[in-house]
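Each chain gets a letter, A, B, C, D, E, F, G and H, in the order it is written, and its residues are counted from 1.
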């Protein structure tokens, strides 16, 4: 653009041409370019590929388009996808429980605060692990306590120090999802609730915990999509200090 | 029937006549009569009229058919219904919060155990009061603690003795309904959960707490219909000793 | 704690130290410990593992943490899980229909009352069997009548004595779930209704019978989650005398 | 059309004209006219106006278009509509409970069979009455038994002769709607089930009884729309002999 | 019973004994026995086994309990079930499209009227075939026209004679289910609508056609459960003359 | 912008300043301004105010911001809103049935094609009228046929010429919404379907016709929101020639 | 028909016979025949077979009935269906991504306008491709831009010329489906929105994007069924010039 | 407690007594007391009363229990509640649009970051205002831009600086709720989405925007309950620096 204006000043191109050019400039040249650069710097988290419903070929094609100095996170992958990715990206790391692949090129600056990740049950662990991988890749210290249960709410007292010391808390729960309410009632820091689709009967693939968490009477609780561990980890990271 | 058989024996009526009569006898004479008498004696709770959707005229007509030595409970009534009932049934007692009318003719034998009735919020009180009226009319000692909240789950510790000493517990809660899970996790006695239609947004007129309670991970919790305080009080009474 | 206080009295540790220690004591030492001991004694039912959505490895890991003198119940298991469990727990018993494994270390004191378990159809039997296993492990005498059907409601009259003599009744039904209403209308004892996800079309994986049972006009009926045979057996046991 | 062809034969109009005319003839002249005449004769039931959501002016306008020798039925009307209709149609009869107006010009030939109309509760009566009005206007003998209840299913035995003697049975029920299943199990004649929107909580404006009736295990039961007493009366009439 | 009364008259047994016996008599001896015999005679349709969700072993066990001179219909079976049944019931006939097995022991008296069975699409045929098998086994003459489509509603005119001549019409349709409305608008005979779960997107496993059929503006249409071809065939048969 | 560049060329402002300015220019100066001018010219339809849920004060405030040479359409208004608007906009025209106010400042160029607007019932007329007002304000010739009914589908044949001659067809229907399918099957021009919230029972405030229309088997049918007559009129207008 | 009338004129057949014949003529001879010919000519799109839920045998049978000089489109097919079709229709072309087979016999006249097809994500491509195949077979020029994303809405600015130059726009999107709203806000031409069933959690198989698109605030957006790429391509084609 | 231990040391009370006392101490004395003090200090936000569904008497009673040096916020109030509160709390301030009452006793320390609050439409303003009141009472600087619209997404560019400079963003939107996705795609700071129940048709009282926001593809977006402006303001406040 600089050149364009200089050419105009020097008389190489007429005013009408400049005006026309300006109108058809891609947005990157006009201030919005800053957005993406901004993002990378401030968030320290360049690019994520949601792999469910995509073929391995599509995933590899998308991977090729990512720039080679960014950190990459692939979510909802299986072992077979990993095997294909591994061939081309030697340093790709697979987390089977979290169903993620990480290709790490640089280390984010560590944050001071801790993110505490809790699950109500054992079956909620994969979703929680997706949050863990996401948060760690973004430079957070993560502490995790799994399988607390609601029926054993008094067990929360054993971890009360962790609850008070965490800077952000993620609660992953299926079935009735009440753990989010209870933790929200004890904690003074933001709680991010993740409903999961585990369970049976009237849990209706995550609708029951979603509604429970939505109606949470405790202040300071917000909700992300069912099974969206990545979203919770990401959100927690941008509010962690 | 006794007479029928005696007449038959004495020859007054032939065998064919007896057989025909037996086949068309109303069921009350044939063993099932025992059911209703049984009920009254064992349950101590004769007749309930659910008044929502009924005109005052219909309610009075139904009242007339009830026998005059039974206790009567009318639920979901308003003041105007009460005024009409009062004119004909002098001893009718109105509970405005519970929206009930009681016409009491005899005192049930008091039961030993206590029924503890808890609500999560202030708006759940009318439903809880319906349970209180029902349970007391059936001879139970009722203890109530309202407005506990889930956000303040640690407040439950103040009433832990009540929870441990109760014989049956009724938990009335709208919004996310998580109180039932929490109490179910602490108590070793049966918990009856009543979802309420109070709340707003994604509580969807009681669907949210209903699903939460249905998916309750704590053992020993069963659920009755949304806003069904009467049903909870009744069920609690028949399992109270 | 006793020692702590004695040391304090003898002057070994100062008052400030005692106060600090008391505040960080795990809750087990402070009254709540009583809960769990209480539970085991009064309920006679130590530990259940819900196995759906858990890997065999996770199930074995959880099993290891259970104490070795308790009775253990695993629900929603399949044969392959059983084969793995069997290797380490010789006395593990598998009930294929109920999809349960029981590891029994002691015999609960038998209760006086009988629990009657009814199903509407043949397909409801697995859920009913889960209730049977649960109730028997908790010391109850169980009587069962399967495949009654609603279309053949007059057949209920053949078992009217069982209905009148039972102390608690569990009704397991899919499709329209009307059996719970009918039994609730005949019986004077508590009825626990279990909707099942069998059926097709507008039964919507158990929503239809769940709603039917929720709206049950008969008094004395409470509902547990879809397919939750364990919950019904457990609830029945704690109200059985 | 006859004239057209005669004119053609006599040479008054050419072939091309006849062909053109035939193609643009209104369908009434071409075989389908028979439908409507047919209908009236065979069904004995000319014209119904569903009045909910229509202004009184619209209703009167539609009434004007009906032919003056037919029987007219207006459904879901209120008193104010009746007052306006009455002024112009002196013999209009209002049924307040059924919310219907009938303008009768001729008497249908009475049918031999009886239609039995049952309701589970008192609040279901308006819908049942709509069915009664409809069926009677179509020449049927109607017998009605209201407020049977499901909780008191054994009461059905008092009316077993009515059930066996009816030619068609209409069951009107809200809440859990189980009465349809039970009657369907006893009767050998067709049962038409009408869910009603009365009730509260999880009856969800008629969804609960609709699903119950849909999933009805008894053979010989079909369902019409929620609160559609007219549809039930009409369907019953065309299958009654 | 006759003998009982004669023994009583002759003094062999006292009055008290007779009374006691009468009260514990199975209902079959008391008028209701007539029901089942009645049913078989009037309906000409003894016993149906709904096989979905049942094991082959269970199906064979139920088959064994059926009396050997009745006609048997098994619905929602697959080839493998048929192979097992065939071994023990030589004359079992399998209809792969309808997914039914028929074991026929006697021929029902043919009825005069015809049942017309229509489908909107090709994918609705299995459900329609279930209705065909059911209706034919019950002595009806069945005429079928498949794959009419709604988009080609003018094609209905080719079959208008079939529509006018049929005594009962069954319409089987998925997706938007509008065919039932259209046929209901043309026909003067009862129309039984069967929603099917075929389709994709917003047909939601049959909910869309179910709602369409429920809201059908044409009179004379009633609905059975999603995919319930048997129910439609049965209902059509009992209203066919 | 022209001036900016000229000042730059003449040396009045330096290059850095120009670059900075360009980045903070409001989008209107950069090509997107064309959008809005474009819109007005090509669509001939400047501004619509959806008034439901807005106070009269808010509506008047929004009106003030509209430019005074545009045509304005207010939808979902009542008489009281009109009275307030009328005081300030003398030429405001109210259509009570359509619940619209039109303030017309210029006449759009008439389009050649005709838009045919059909309703299934009388209660669908207000939504259809909203479409009529919208389409006419946008320069379309509108033909309307109301109250066709689905039950009387053969009546469509009377208007077949209108269907074949229209350029676009709007079908407004509540209850089962099948009219859209039928018209879609006959017509070769685009059909826009508008579900309405009229009806009762299982029409569920428009969900039933919405699903029916969504699942429409006829090609050439697209759907707009429940009761969205404006959207249908608008969409029809931009595809009309 | 001509012959019929001539025979009548010449006296070969009497008037009564002519009248009778006219009434039973198939509709094709009476004006409606024009419909189908009309369709083919005007739409340039003869016959589509929706293959989901149909066996290969059924598909081949339907194919046989199509006339051999028409273009045929088969949707929702898999490779195995293609292999069977290929054997009999040598020129059948398979599009694996779109899941379509095309048998092309003639080339439609190309249209002037362009249809722009956008997808929000990679997983929406199969549905978009179905639209592409459909639109191209109907003579349209198609331009496609896939994987725009909503999160990267500013990227739309790169394709703003395509948006302004297209004659019709199809937006295919799952998850939250917001792309349709955004494009609808920018474009002045009709936008056809296609929700897809990709995604997870609270996207509920396409319900979330369907509702989003339905509630779209931008004017000029209409919606087709979930995953219905064919319907979108078809609708776009008949409104393209 | 201190005294208890001293008395024990001095021999006034025996060891057994101390142990017993410790077990029955209210939780406030045991470390949890710290929670509540903690909360007040760190959150600067003592007590909120949700007034919907509560009587004025109940609200006043709850108010009385609040301590007199705290800030109080009452939400979902109407003018009549305000008039009653005003009489006893002279400094109570009413915000009619937000439907809140604030009783402020101290000023929170102002935070550095800004919270930006956006609404899609005019009808979303009351919910947004509730968030404004909440956030301001908690010491935040709030900037607000209302009525952005989705259809006019390009208008977002006018406020891009506000979006980039805000520390937290709250997006309030009904109907399709797509604004949250779009803002989420532009911003690098946390976005809190609030669905509102405004709108009509298929917005279903807020379900449509709730699902849209849940499925939001942009990272960094979390959701609170429908119409829960308070919750959004509160959550924004605790993550604002």
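Quick note on the criterion: contacts are C-beta pairs under 8 Å (C-beta built on N, C-alpha and C of every residue); 3 or more make two chains touch, one makes a residue touch a chain.
Note that this is a predicted model, so its numbers are computed, not measured.
Across the two interfaces under comparison, E-F and A-H, the one joined by more C-beta contacts turns out to be E-F. Just one of D-G, C-H or C-E has an interface built like that of A-G, with over half of its contact pairs in common by residue number: C-E. Inter-chain spacing, taken between the CA centroids of chain B and chain G, is 58 Å.
Centroids of chain A and chain C (each the mean of its C-alpha atoms) stand 38 Å apart.
Look at where the CA atoms of chain E average out and do the same for chain G: the two points lie 38 Å apart. For chain H, the set of residues touching two or more other chains reads 24, 31-32, 35, 154, 186, 199, 201-202, 207, 210, 214-216, 219, 225-226. Chain contact summary for the complex, chain G toward chain F: residues 31-32, 35, 38-39, 42-43, 45, 48, 160, 164, 186, 188-190, 192, 210, 214-216, 219-226, 230-231, 234-235, 238-239, 241. Every residue of chain D that touches chain B in the complex is listed here, in rising order: 122-123, 154, 157-158, 161, 198-202.
Listed in rising order, the residues of chain G touching chain H in the complex are 120-121, 149-154, 175-178, 181-182, 184-186, 199, 201-204, 207-209, 211-219. On chain E, the positions that touch chain B within their shared complex are 1-2, 5-6, 8-9, 15, 18-19, 22-24, 30-31. Touching chain E in their complex are the following residues of chain G: 24, 26-27, 32, 35, 50, 52-54, 58, 62, 76, 195, 197, 206-207, 210, 225-228.
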